[in-house]
Structure formats: structure tokens, C-alpha cells
Amino acid sequence: MDRKEINAILEEAIALGKEAIPNGEVASYIPELSKADKNHLGLSIYTKDGRRYNMGDTDVRFTIQSISKIITLAVALEACGPEEIFAKVDVEPSGEAFNSLIDLDTTSNKPKNPMINSGALTVTSLLLNKTTFSEMRVFARKLCQDPEMDLDKAVFNSERANISRNRAIAYLLESKGIIESDVEDTLDLYTKMCSLTVTANSLANLGLTLANDGIDLSTGTRLLKTETVHMIKTIMLTCGMYDSSGEFAVHVGVPTKSGVGGGLVSTVDKEMGIGIFSPSLDEKGNCIAGRPVLEHLSKELKLHIFEWQSRIVDQVKPV
Amino acid sequence: MDRKEINAILEEAIALGKEAIPNGEVASYIPELSKADKNHLGLSIYTKDGRRYNMGDTDVRFTIQSISKIITLAVALEACGPEEIFAKVDVEPSGEAFNSLIDLDTTSNKPKNPMINSGALTVTSLLLNKTTFSEMRVFARKLCQDPEMDLDKAVFNSERANISRNRAIAYLLESKGIIESDVEDTLDLYTKMCSLTVTANSLANLGLTLANDGIDLSTGTRLLKTETVHMIKTIMLTCGMYDSSGEFAVHVGVPTKSGVGGGLVSTVDKEMGIGIFSPSLDEKGNCIAGRPVLEHLSKELKLHIFEWQSRIVDQVKPV
Amino acid sequence: MDRKEINAILEEAIALGKEAIPNGEVASYIPELSKADKNHLGLSIYTKDGRRYNMGDTDVRFTIQSISKIITLAVALEACGPEEIFAKVDVEPSGEAFNSLIDLDTTSNKPKNPMINSGALTVTSLLLNKTTFSEMRVFARKLCQDPEMDLDKAVFNSERANISRNRAIAYLLESKGIIESDVEDTLDLYTKMCSLTVTANSLANLGLTLANDGIDLSTGTRLLKTETVHMIKTIMLTCGMYDSSGEFAVHVGVPTKSGVGGGLVSTVDKEMGIGIFSPSLDEKGNCIAGRPVLEHLSKELKLHIFEWQSRIVDQVKPV
Amino acid sequence: MDRKEINAILEEAIALGKEAIPNGEVASYIPELSKADKNHLGLSIYTKDGRRYNMGDTDVRFTIQSISKIITLAVALEACGPEEIFAKVDVEPSGEAFNSLIDLDTTSNKPKNPMINSGALTVTSLLLNKTTFSEMRVFARKLCQDPEMDLDKAVFNSERANISRNRAIAYLLESKGIIESDVEDTLDLYTKMCSLTVTANSLANLGLTLANDGIDLSTGTRLLKTETVHMIKTIMLTCGMYDSSGEFAVHVGVPTKSGVGGGLVSTVDKEMGIGIFSPSLDEKGNCIAGRPVLEHLSKELKLHIFEWQSRIVDQVKPV
């Protein structure tokens, strides 16, 4: 498939995304997030053979929010080892909204998975005496090949002022002996990671790094172990889209993680990374334009995990 | 990898499975199932290039139980179309045990997914005026290439005598307008499908049919549409192992469905089907030997969905 | 307080009740119930010194519905003994709607109390081989001093045709070994008891029988043991008004049981019975006019359980 | 009934309580509480005609813990009015353990009642800008006629060091806009109130103050309004014994509140107050000896709310 054909498909996808935008709403639970321009829509694709496709608002900066959960998890898996992580956090899709306390307080003594807040806070707590925010930021910049990735101070302050629910979750975790580090430090690092800025472009880079077995395509440097990358991609597939993860896996079939800042990162195994930015959210907190965009791409470019052959990358060879 | 190397890996897997057997228990909630021989263990692999590996009790007949849910779903997706099915049943992993009533009665008015009893009963109800048990059996035999697949009358009668919980679920579904067909007929067809007999060998055939895009490898006949096969495999991956599905996806990474009769069917996309029989179950109702067997196979043969290349099938070409 | 003063208070109460009627709705889940005249309002009081006050539609017949739960419980307490009953059913207020399945399926293996459907069905099942509907009807007529109390066949048939949810509950109870009698027979007796007809007048009689230590005031015959009457009144107080029982106890403070047919029976210990009929229901399923009527009576006549002295009955002497 | 007869009954009650002690455990979740002497048992009764019965360890000081919830509620009802309180907190028995988060996070946006921690924290928060701990202590001393009631600093510090769960609850309440005062100040006042010391004797005084319409019997001073006392007694009856409140109401029938320090206060309307101290707790967190003691007293002295006549106080006249 040549660039022209692909561009036509991307244009169709963008058009479908734009149709969906009015049905969503910009996140309002944090005042600073509510200032986003609802009509922004950026789509960036970066393929394993080095091609890049950018459409729309791919350079607008926004906060990474929950997408940081996969970066934090990746760092923690390598710093602590899967055994330590999974002793504290399960990896079962929760069937609950991202900030639910119910499962935690009833059936289980472990957060259901690292993509919901209770799980991500627990994973963050395990990193406290192993690394710093500054080091995390350096590593995040590498994963996204985005040297400008930095704290959005206005968003950070706004989140810090609206942190009661996460604080409740974190103290509940402490009361159950799940968080053993300092709770306030945990909240601080967690909130800072959520307040890092990215673009659709940097998310596409992140997606490709994951699709490329953890290796930065531009430099050939391995950033993550194969084992870590497998786990991250599987968890994105089963838990990445809050409580519509299962439905998304069936109909789109591409490991994807969303953030309430409007970002989406998708990783098409061995083929490409996709970054989307559009701050209008559906009722589950996922970027509302992302769904039709990705469904169209999945169908036209044959990206579903169980497709027989992608059409965008003609020759995929194992490294 | 040659046959000898592969056989060595299978032998290791079998040995690991045997170690796990004493930690489980044969299903006891239905008297007839409790008669199974706890020490049985069979492992059957059928590859896309036509090779077959059988170890242990691969010819012992047992009832398919919940594995029938994927057959019923496949038939329903083709007979009714995905839209009609997914209007009645979600596809979100439930984070609940297979026969839970909670989600259904609280947060949602739809069964969470077609792999839990409420979802499977709903799917079955949609088939009532489209097909018969007799036709379903014919089709199941084709999918499994097992002409001897038939009702185990002793198990069927035993299940019918212990059906209160499923009857409760079915009437709850009727009370919510989800089941609109006759409840008793729905229960009858559902229970009959669960009481069909298979072997590890026939489950490997079923797994390969799914891995092979819905085409019977031996005859070249297409039995299921590509779209249906994608959906089935994705749902097996996210919901196939009850409330350990997420953990199984991370650590094994092969779409698999279990049944309390002790069966497991796995499908390694484009490569192979795996059938396992071992009636000793873990506390979630999954065959307890299956986990170490499949984890070993996944690791040694590189079967995880995000692996770069399987080692068992040397040349995988798209059809 | 003389009859004239009391009549003035009742008139005020009725006026407050009439104001509330438009805010409610007649029960619609059973077609036959939805035919009730929303504007009906009857208030009947029968005091221990033999006085009777009737206002409004006190002779209109309607079905007793959940108020039958206290009659069934009373019979069961005497026929089986409290120990057998409370081995099967707790007496904790449930904090859940009357036909909830959740508690039953999660935290507990016992219905929370005999005033919710699961509890009442269990109590009914314990009576199956001790009595018959015909005998129950005879006894209900005595408790209510209402010889015309009989099955409303249209309502009975309508309920029988809409019984899926209760059937689900009953089979769930069977699956847990809580109901050991025949499920369909249990449902039949339960539904027949709900379909008995009463009037506000007969409910006032029932209330006085309970206030009068279980003795029919008119004949002096003891119908229920003191111990049974204590239990019934306490359970009415803590569980009689579904999930507004606690709030009702605080603000009205009179043991009361409601039915979706629009009936309310209240029992002012040692003093009086109150019967109300008004089929417009609030969102919890309680007669919406009943609340302001009873709150006014409680305040003006000093009826709260912790009041120092009722004003309606001047001299209360122990029997 | 003369003093001798009554003393005999109390001795029987104490004997029954002692039998139960070994089946319970001293509270262990706070280290300081675990130091209590499990074999302590004190029973104090103070009647409306001025008699006092003390048996066993009635002068041992212990912390009031959850019994402070009724003092705080009483103060708040008078300082803020019932309307403001009940706009923030329901009064439905919760059917959940005392520190459950579930209901709060799902079905409701209000704590279920003021006797569970979420409700008590909310009530406390409403008092923050109306009073101080010092004033609350003064008033508590009056209600209990116990001038030595003071902060147990060791317990207070121990609780403050184990406050994660209450902190989680309080921040969850803040996140939902239910607590609008400073969360840490709320936790401080709440914990201080729980750490006040009492004796079985002072609890009997508190019980009689409530039984006596809010009037201090020794001075004739009204401490609480009639309306407040009605509400407190009703809430004690329906919600005072955690999730065994309903069962306790049926079988004992005396408004009672427990604390994990081992205290119980009961109020027999218009007749007497009962204070019990025994730190061995049952699995629901109630003093395990208290149940047989109170059940025996209720039966022998006819104390159930629906009894026809108490035997201990011969002539009860309204004030």
C-alpha cells in the first residue's frame, strides 16, 4: 500500500473522528483540563520501516495523564521485577471504572490491575526508593523520543488541588498494607507523572517503541526488555480502555491506552505506533474520536491482533 | 525445531502438569462429574502444517462443559449477526466468577460477556428459533472434526438435576427482558451443549480450526467467517479463563477456553491448536494442570500473542 | 383527647396525604395493579378501648401484597419455632430494595430478613408441609377480623404471569440449599398470600391485634403468642418500609409494614392499629400518602415508640 | 421486685457474660487497645427511681470509642438541626461492617447512618466550626455525670498512628463534597472523641440520661431536647450494634451502642440506663459478654421495647 492510499485512509479516519467529537465532553473534574480545545484532533502514525504520517493537531502539547501508567509500570517491572509487582497488583480487567474503590474493599486485597488508579498508585509506591521523578522524566522522554516532555505546572497544581479521591485510595491501600512507602510522596510522584506533556507525535513514538520490542527505532537502543514489552502490551489490550477494554479488543483489536487529557497510544505489534490527541471524552473517560479513528484504521489497514497480514507494512521480518 | 525437540518440550510440560494435579480437585457440584479420574492428563497439538503431537490421555472422552460456549457463540454470531448478539451481551471481562449474578443485578442490564453463564444462556436463547440441538451437534462435530461427539446422558441428567442456579440466572434474565425465548427450552439446549463429549484430540482440532481462520485444515472447507473467528479468539483471550483471564493472557498469552469437565482448548493464531484434558480443577474452575503445561509451551515454543516468531512452525505464510 | 379533637387531627392528616398523592405512581410492574385508582385514600384507626375512626376509602378492597409477609412470618414463627426460622433467615435490615439479589449472592448465605422477597419466600417454603393456603386464609381472616378476605384472582393471575424475578430468587435459594421444599409450590403459596384482599379497615384490625399482644380485642381470643408479636413488631420497625425503614423509624417511630397494593398497617404498641390505603407509591414502593399521614398522627397523637405518653388513649393498663 | 431479687438476676447475667468471654478477642487493630484485660466484666444499672446496681469491674476506665458517636450526633443535632445533619447522612441500617466503604462508593452519595465511621466523620465535620474538643468534653462529662472523663493519650496516639482507613474514608467523603471542613481537623476531633475514657458506671449514667428524656436525673437539668433523644434512641435501636443491630433488636429489644473499647450503653426508655464493660469482642466488634448479659436482663426484667411492663421499676409516671 503506497503513501497516497494510506493518506486517504487516514483522512477518512480523521473525518469519522471529527463527527464523534460533539458527542463527548472535555474532562471537567480538574479545572485546568477543562480549558482544552474540544475540537482538537491529531493523528500520528510511525511505522517500523520508518515512515511517519501526521494529520491534524499532532504537535499540540497536552498532559499524558493515565498513559503515564504504562511508563510507570514498565519502569517498575524492570526495577523491581514482575514477581514483586504482581505480588501487590493483579492484572485482571476490573469491569469497574478507573477510580473505583469497590473491588479493592471487598473481594480482593489487591488492586485489580495496574491501569486503574489503585493499581497505578501501588506500582508508583514501589518505585519511590528506586528512582526519582527527574529520572522517570528522562526515561519517559526516551520512550517517547520527545525531549520537551515536561511537567505542565498549571495542570499539576490543579490536580494537586483536586486529589481527594486519589488520596482516599492511597490511604486505603496503606491501611491494607499494600502501599508501604510514604503515601504523600506516592501521590506526588503519581500526579507528576500524570502531568507530563506529550503530543500525538510523541505518543506514536511510544507506540512504535512497544511495537518494536522495546527498541528505539531511530537509534537501535533497547529501552525495555522483551518480557516487559509483552506484559505491557497484553495489559494494554485487556485493561487499557477502562471498562470498555473488552469491547475495544473485539472490535479494534489493537493494544491501546487512553488518558483523560485526550491522548491515546496504540501499538500494532511489529508494525507501528499510533498516537491520537482529541480531548473530547466519552462517558468512560476515553477520547471519543479515538474509537472511530482506530476502528477505521484497524479495518482498512488490517491491524487487529488476529488479522492475517497488515497492509501498511509490506515486509515484516523478525529482528 | 524438529519433532524430537518438540516432543522433549511436551514431555517437560506434561511432567509440570502432573506435579500440579494433586493441588486441584475434580468438580463436585454435579455428582456425575465427580466420578472423573483426577490423574488423567492428555495433551494434543495439531499444527497448521499438519503435524499432530499426542501425549497421555488424549482419547479419553469427557464433557465439553463451558468450552461449548465458544461454539454456541460462533454459531450465534453467524446466525444472528454480531449486532443482535452484542445488543444483548457485553464483551467486558467481568472480574467475577463464571456463575455470578452480581453485575447483572446491579451496574448493568446486560450480561458482562458470553463466557459467563448469564451471557452464554442469553446467547443460547437467541438461537432457539434458528436451530436445534441436533444441528448444533452436527456443526460442533465439524468444528472439532470429531464425528463421535455426542450427548453424555449420565452427565446431562446429573446437570439437569442440579440446575437451580442456572435456572435462577435464566429467570432473572427473563425478568429483565434479556431472555425472550422460553426459559426452560434455553436451559435445555444450554445443558445439552455442555454435555457433549470431546477428547483432548478433538479440542486440538477445534483450536486449529480457529487458528486457521475458521477453515477445516483437513478438507479446506471454511466453517466460520473471518470476522467471527477474530471475535471468538479475542473473547477467549480476554474472558476465556474466568477471573484469571487477565493474568493468563499476561503470562501465557494464548487464547484459551476452559471447561469444568477438565478440558482446555487453545488457539495459537495461524499456527496450531492445543487440546488438554485433566479434570483436576483449581479454585477458579480451570484445569489446574493446564496452566503449567501451557506456560511451558508458551515459553519454549514462543507462543505468546506478542512473540516475534513461533519456533514450532517454521514458515508461516498467509493463505 | 375527645373524638372531635382526634377527628380534626385525622382530617389534617388526610389533607397532607392528598397533597402527596400526585408525586407518586401506581405500581406498574404487574398490569393488574396498574388499574388501581391513584386518588383513593383511606385511613382507619382502631383503638384498644374499642373506638374506631374511619376516613375516606376505608372499605375499598385491594390486595395485601407484602403485608402478607408479616402474617406468613407470624404463622411460621408459631408453627416452626423462631430457631428454625432464624437458622434460615436473618433479621438484619438490608439496606437494599425489596427484591434485591445482591446480598444473598455475596456476603451472606441467608436472606437478610423476612420482609424482603428472598426472606419471605424462604419463610413460605418452611410452611409448605405444615399448612395449606386455605388454612392460612382462615387465619389471616381472624387476624384482620375480615371474613371477606379472599384471593383476587385477576391480580393472582397477573402476578403469576410476571413472576420471573421471584422465580429467579427462589431457584437461587434452592441452589444454596436454603429452600428445600418444592420451588413452584413455594411460589404458588407466596403469590396467593400476596393476592389476598383487605381494606384499610381490616388492616387497622390487624394492627390492633398486634398492639394488643396478639389478642383479638373483639373476642378476647389469643391469636398469637406474646413472643411472636414482639418479634413481628420489632421486625416491622427495623425492616418494614424497605430501604427507608431507618428513616421512617426516626421520624415516625411506629412499626409499619407496606405493600405495593397501596396498603400500610401500623401498630402503636398497647394502644391502636392504623390501616391506610392509597395506591400511589413512592420510588421505594411505599404508599406515598402514608408517610405524611403517619408523621402527622405520630406528632399530634404522640405515637413514637419513645414518646412518654400517647394522647389518644388516656388510660393504658396492662392486661 | 426488690433489690435482692434484682441482684440475683444481675448475678445470673454476669455469670452468663463470663461464660462468653473466652469466645471473643480483645481489639487488636490498634496496639494500645490490645493491652486490655480480656477478663474484665463490669455491669452497672442506674434506674429512674434513683437506685444503682454495680457488679464487677464498674470503675475500670477504658476508652469510649464508637459510643462517642451518639454523643457527637446528639451535639450535632442540637447545634446544626436535624435537617442539616440528615441532608448529609442517612439513617438507614447499613447491613455492612462499621467501616465499610462500599455503600458510600456505589449506591449512595451519603453515608448510610451516623453510627458507621463514614457517617460519624461527616457528623463530626459539621461541628468543626461550631465547637471545640474542649467544649465537647465538658458536655460529654455532663451527659455521663463523669467529671473524670478525659483523653487517654496512649490510646489517642495509638489510634492516630493507625488512622489510614479512617483517613481514606474522610478523603473519599471530601472528594464527594460530603465533608467540606478540613479533613485532618475532622479526623483529629473524631479520634479525640473516641479516646475519651469512661467506666461502666458512667455509661449507665449516659443511658439513664437518654431514658429520662435527656434530663440529668441527679440535678433535674435538661441536657438534650426531647426530639434529639428520640432520634438518638431510635438510631441506637436500628443501627447501634453494627450489622447485628436487627437481630439484637428482635432478641434484646433495648437501644444499645457498642464501642471496640469493650463498652456498651443501653437505655431502657423511661426506666433505666445500663453500662457494661468487657473488652473481649465478638467478630462484629461488639462486646461479646454484653449479649448474654443484656438478653438475660431483657427477659427477666421485661425490658424489650414491646414488653407490657418492666418489672424493675414499679411505677412509671410521665414527668
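Order of writing sets the chain letters: A, B, C and D. Residues in each chain are counted from 1.
Operating definition for what follows: contacts are C-beta pairs under 8 Å (C-beta built on N, C-alpha and C of every residue); 3 or more make two chains touch, one makes a residue touch a chain.
Because the structure is predicted, anything quoted here is derived from the model rather than measured.
Ranking all chains by how far their C-alpha centres lie from the centre of subunit D, first place goes to B.
Two copies of one chain, subunit C and subunit D, form a contact in which over half of the residue numbers belong to both partners.
The distance from the centre of subunit A to the centre of subunit D, with each centre set as the mean of the Cα atoms, comes to 49 Å.
The mean-CA centres of subunit C and subunit D are about 31 angstrom from one another, to the nearest whole unit.
Each chain gets a centre from the mean of its Cα atoms; for subunit A and subunit C, those two points are 55 Å apart. Within subunit C, residues 106 each touch two or more of the remaining chains. In the complex of the two chains, the subunit C residues touching subunit B come out as 100-102, 105-106, 164-165, 167-172, 174-175, 183. On the subunit D side of its complex with subunit C, the touching residues are 86, 90-96, 103, 112-113, 213, 229-231, 233-235, 237-239, 243-247, 249-250, 253, 269-270, 304-309, 318-319.
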